[in-house]
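We call the chains A, B, C and D, going by the order they appear; numbering starts again at 1 in every chain.
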Amino acid sequence: MANSASIVFHKIAIVAQTHASEARISLLQLIDLLNKLQRSIVCETETASLIADKQLPTVEYAELGKDVDLVIAIGGDGTMLRAAKVAAQYGTPVIGINRGRLGFLTDIRPSDINTQLAAVLNGEYEIGERSFLQTQIASKQPSKSCDKALNDVVLSPGRTPHMLEFEIYVDDEFVCSHRADGLIVATPTGSTAYALSGGGPILHPVIDALVILPMFSHTLSSRPIVVPGKSEIKIILSPNNATDSQLSCDGGDIILVPPGGTIEIKKDAQTIRFIHPRDYNYYAALRGKLQWGKQLTPDGEPK
Amino acid sequence: MANSASIVFHKIAIVAQTHASEARISLLQLIDLLNKLQRSIVCETETASLIADKQLPTVEYAELGKDVDLVIAIGGDGTMLRAAKVAAQYGTPVIGINRGRLGFLTDIRPSDINTQLAAVLNGEYEIGERSFLQTQIASKQPSKSCDKALNDVVLSPGRTPHMLEFEIYVDDEFVCSHRADGLIVATPTGSTAYALSGGGPILHPVIDALVILPMFSHTLSSRPIVVPGKSEIKIILSPNNATDSQLSCDGGDIILVPPGGTIEIKKDAQTIRFIHPRDYNYYAALRGKLQWGKQLTPDGEPK
Amino acid sequence: MANSASIVFHKIAIVAQTHASEARISLLQLIDLLNKLQRSIVCETETASLIADKQLPTVEYAELGKDVDLVIAIGGDGTMLRAAKVAAQYGTPVIGINRGRLGFLTDIRPSDINTQLAAVLNGEYEIGERSFLQTQIASKQPSKSCDKALNDVVLSPGRTPHMLEFEIYVDDEFVCSHRADGLIVATPTGSTAYALSGGGPILHPVIDALVILPMFSHTLSSRPIVVPGKSEIKIILSPNNATDSQLSCDGGDIILVPPGGTIEIKKDAQTIRFIHPRDYNYYAALRGKLQWGKQLTPDGEPK
Amino acid sequence: MANSASIVFHKIAIVAQTHASEARISLLQLIDLLNKLQRSIVCETETASLIADKQLPTVEYAELGKDVDLVIAIGGDGTMLRAAKVAAQYGTPVIGINRGRLGFLTDIRPSDINTQLAAVLNGEYEIGERSFLQTQIASKQPSKSCDKALNDVVLSPGRTPHMLEFEIYVDDEFVCSHRADGLIVATPTGSTAYALSGGGPILHPVIDALVILPMFSHTLSSRPIVVPGKSEIKIILSPNNATDSQLSCDGGDIILVPPGGTIEIKKDAQTIRFIHPRDYNYYAALRGKLQWGKQLTPDGEPK
């Protein structure tokens, strides 16, 4: 799923989830490793406050990834998503140490820092490129951009439980209208996040496609649609909706969209490179996290 | 979803579903149109037996598409699937006149032969390229190839209702094992066929991907997986299965695979070009056939 | 599904959806019919304002069903739900004239007022009894009751898209915990309402059971559970939830429940009788509203 | 879910899965326990052949449950299903020791024989009553009965993958027609068996209802329907089906039903009593077997 590569990472930026005490343990261990490997370290300001070392150079969150070879994020998928968005601006790749629950995006287990992550830092890694969604709200008021999304853009009603009415267009071709709880547009990366709970399919990350997934639609024959990655998706809210609708990118801040408003979603030109350990296996990650059936023994029993 | 083109079709091969009387009506109308437009016609042998015209040149089914510019198939998706497989060998494109039920693949309604199909014949059309699956059974006995599949390859138990046990590998990476009723591997074309009844996602035809869909799996966290088009999918049957399993390509002839057998499925190098009328809209076709919500009026009511 | 009965309805209360002009047409037609049949009429106050007749006796909404034999509701399922809750207090049955969209609860089509509804008024009808849910919020603050619900009680996050964490207990036995968008508890009546969009099963109205349906759960092996009608369902919100959760009965007013709060849901002792026309067929209603397959002809084709 | 009881079981019949070596271990342990508790034992003939004790009285399978107080089945759900069908004829209750995979029906883990099962034998138990389905094939040929089913009756095509066309009636009211892979009719007991893999809801065993679940229906708005326990379900196969269809009760022997044939399914008058250990908890069983979310700690984390 990824290209092999062998460039050694010298300058490393670190960011950690600051309200999880376990993240601090991995942070200290990571700094030890980097010092031992004689790498140059810069630590995100808030992250730096977790540790006593006043000598450690710091960097503002907004400049995470600037002038470094790699960003290492310690935490859950949320920590990784936020870091990736900033790092992408500087073209810097990202790798994650898992201190969250499932951790689809954070490959390195805390116990593997000194082995697997050390190997990565020495050039033993794979690269996977991931796309962002960009979202534009083109209603009567001046058009407004939202944050980029690595996982998904979610449209939901302003008041729950409540129903939204909207039309979907792809490349200016009308697809269908829905009376539904909302709509998810997800990248392949996001197909194993919120969209998965909603019954969406799993898309391997190298597939150039997006998933359109209505939520609790009144149209019982509604199904998830996988559209080409270059698609321009347009959602037109019915003027009949009683309240403003809510738009949220990667579960972040909510933007209100008035009845009759139009939302345009497409892949962003900018991408982010995810660094994986050499033996990374997407399907093994899936299987582990979703508790799928293991390999069978010669007797046909799960190992 | 398709490339525009303007080459006029001069030499036309025709094939029709021979056990549907409605197909004969469209056949006669089509021949009238082709004569009027002064096109050269060749008629598949069994199809020719539907009509009285003894002068009409005929062609064996196995040579459908040889030395012609276009194959026109009259019938349902089954008629289209079979014609496409033969025509693909000669690199000849195919278009369908719908005399079946849903007709996802047959664009032209019988009532539009003289208008829409006439325009197509004069160069007013779009081209969509579709892929086939090739399947190899690599068990202890000498390896055996199956028919190519435009829609899907379906693995099912030899005796129903019965359970199969098997492992799935993609590009030699183990994905998961299943105790299930079976497995569907579908192309984007097939995503609106059998796989759709089984809860699979809809894949736009230009997406380079395949769907792997377990049927009635005991693993309740199982979900459809969309893998890259270049994936080599391998299914290894557990030696524990009590009976031979059945493999079927596009719902055609059944091939038995013994317990412990291995099935390899990947995209075929050969493709087929589907000819669509100029105003063809994939999403409109979906919406019509799946009875999805129509466009809303300014009042927010469905039109 | 219902008991036959032959008591003639003499005193009728009427309520109509007041912001739909079509409802007014049916209202006038209904009053004509009732006058012709020499029935005593009382009209809900706001409904009365739709028509010019100043002689018509009126009744406050809160007393709808008091001292009458039957309440007739004109509108959609929402109109019917609200009327049923009030009428149940007086033990008065309800019938609906459909001026909404699907109208699972409103049996009489506007065109059938003079025939089907006239027959009902003369004693040609069936009776179906439906149950309500009662909901109690038993948190730290003094316990609070919610409105009764005929369809469902829905728990949702205070902010969307956001996740809730909660435990489910039935009869004080722990069932499972969820990290999910929310939870639906539905009656058989509600199984064809919101719960149906969420993937819930359809429960015939005479079944004494409730449906527990997690919404977008992170537990991919989660399934709808149908529990006995006498079950006491308890939901305990995790103290970890970041915000208050929202509870809504039949899509009505929202009640906030704090993190750590407890919600108790069970069937109410009070029921409501729905009056159906003599030839009422629950399955025909389902089939029509869900566009299911029609009866086959001797040739096996849908009629 | 069950009634408490305190009658001591004196005379015990034993049956074990004969092709699983682990079953034999539990069998020996069980006989030891019964001897120690001075109970009278009778062993099913084939089961008896697993052990050396020639003194042990034996009983033919067909008389399992005759003249005894309890049947103990050692194996998986299949062993339990078969034993229950025979024991029901003698009104004898059944309990299971789990030597299968999931074991929804076999409550006792092998490690709990000397504790939990001993307590049961001494009168510490709960009783749960389960219903059977009876199935009648009423086609042109003389009407034919099938085996009773504790889990489900499954209709499937004679050839796979293939499609069936049929109509469903409940209490002689037409419900809908389907073009589908087949149909499952399940009891609440069967709702956690095959029907669960097919997307059916889970029904608590005391609910008096049946589930009708179309398999892979072309009708995308199709949903599982839960009908009253007293329902008479009739399936009429379309005369258009190309081959005989297959009917199977609890996954047992297949009965062929010709095109145009009629199948009648309803609850049997005879029931079977399942014996559960005193602390049996249906929801705990579900949660364990389906890997649902555990109870939360005061911190909101799963225990």
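One rule holds in what follows: a residue touches a chain if its C-beta (ideal position, glycine included) is under 8 Å from a C-beta of that chain, and two chains touch if they have at least 3 such contacts.
All of these numbers come straight from a predicted model, not from anything done at the bench.
A.B. asks: Using C-alpha centroids, which chain lies at the maximum separation from subunit C?
C.D. replies: Chain B.
A.B. asks: Higher C-beta contact count, B-C or A-C?
C.D. replies: A-C
A.B. asks: Are the two sides of the subunit A and subunit B contact the same residues or different ones, given that same means over half of the numbers occur on both copies?
C.D. replies: Over half of the interface numbering overlaps between copies: same.
A.B. asks: Just how far, in Å, is the C-alpha centre of subunit B from the one of subunit A?
C.D. replies: Going by mean C-alpha positions, subunit A sits 35 Å from subunit B.
A.B. asks: So, what's the distance in Å between the C-alpha centres of subunit C and subunit B?
C.D. replies: Here the centre of subunit C sits 45 Å away from the centre of subunit B.
A.B. asks: How many angstrom lie between the centres of subunit A and subunit C, each centre taken as the mean Cα position?
C.D. replies: Distance between chain centres: 40 Å.
A.B. asks: Multi-chain contacts in subunit A: which residues touch at least two other chains?
C.D. replies: Only 196, 220-221, 223, 290-291 qualify.
A.B. asks: Could you please specify the touching residues of subunit B with respect to subunit A in the complex?
C.D. replies: Its residues touching subunit A are 165, 167, 170, 173-179, 191, 196, 200-204, 206-209, 211, 219, 221-228, 231, 238-241, 281-284, 286-287, 290-296, 298-302.
A.B. asks: Within their complex, state which residues of subunit D touch subunit B.
C.D. replies: 154, 156-157, 159-162, 180-182, 194, 196-199, 215-218, 220-221, 246, 248, 251, 254, 290-291
A.B. asks: What residues on subunit B touch subunit C, complex-wise?
C.D. replies: It is residues 220-221, 223, 291 of subunit B that touch subunit C.
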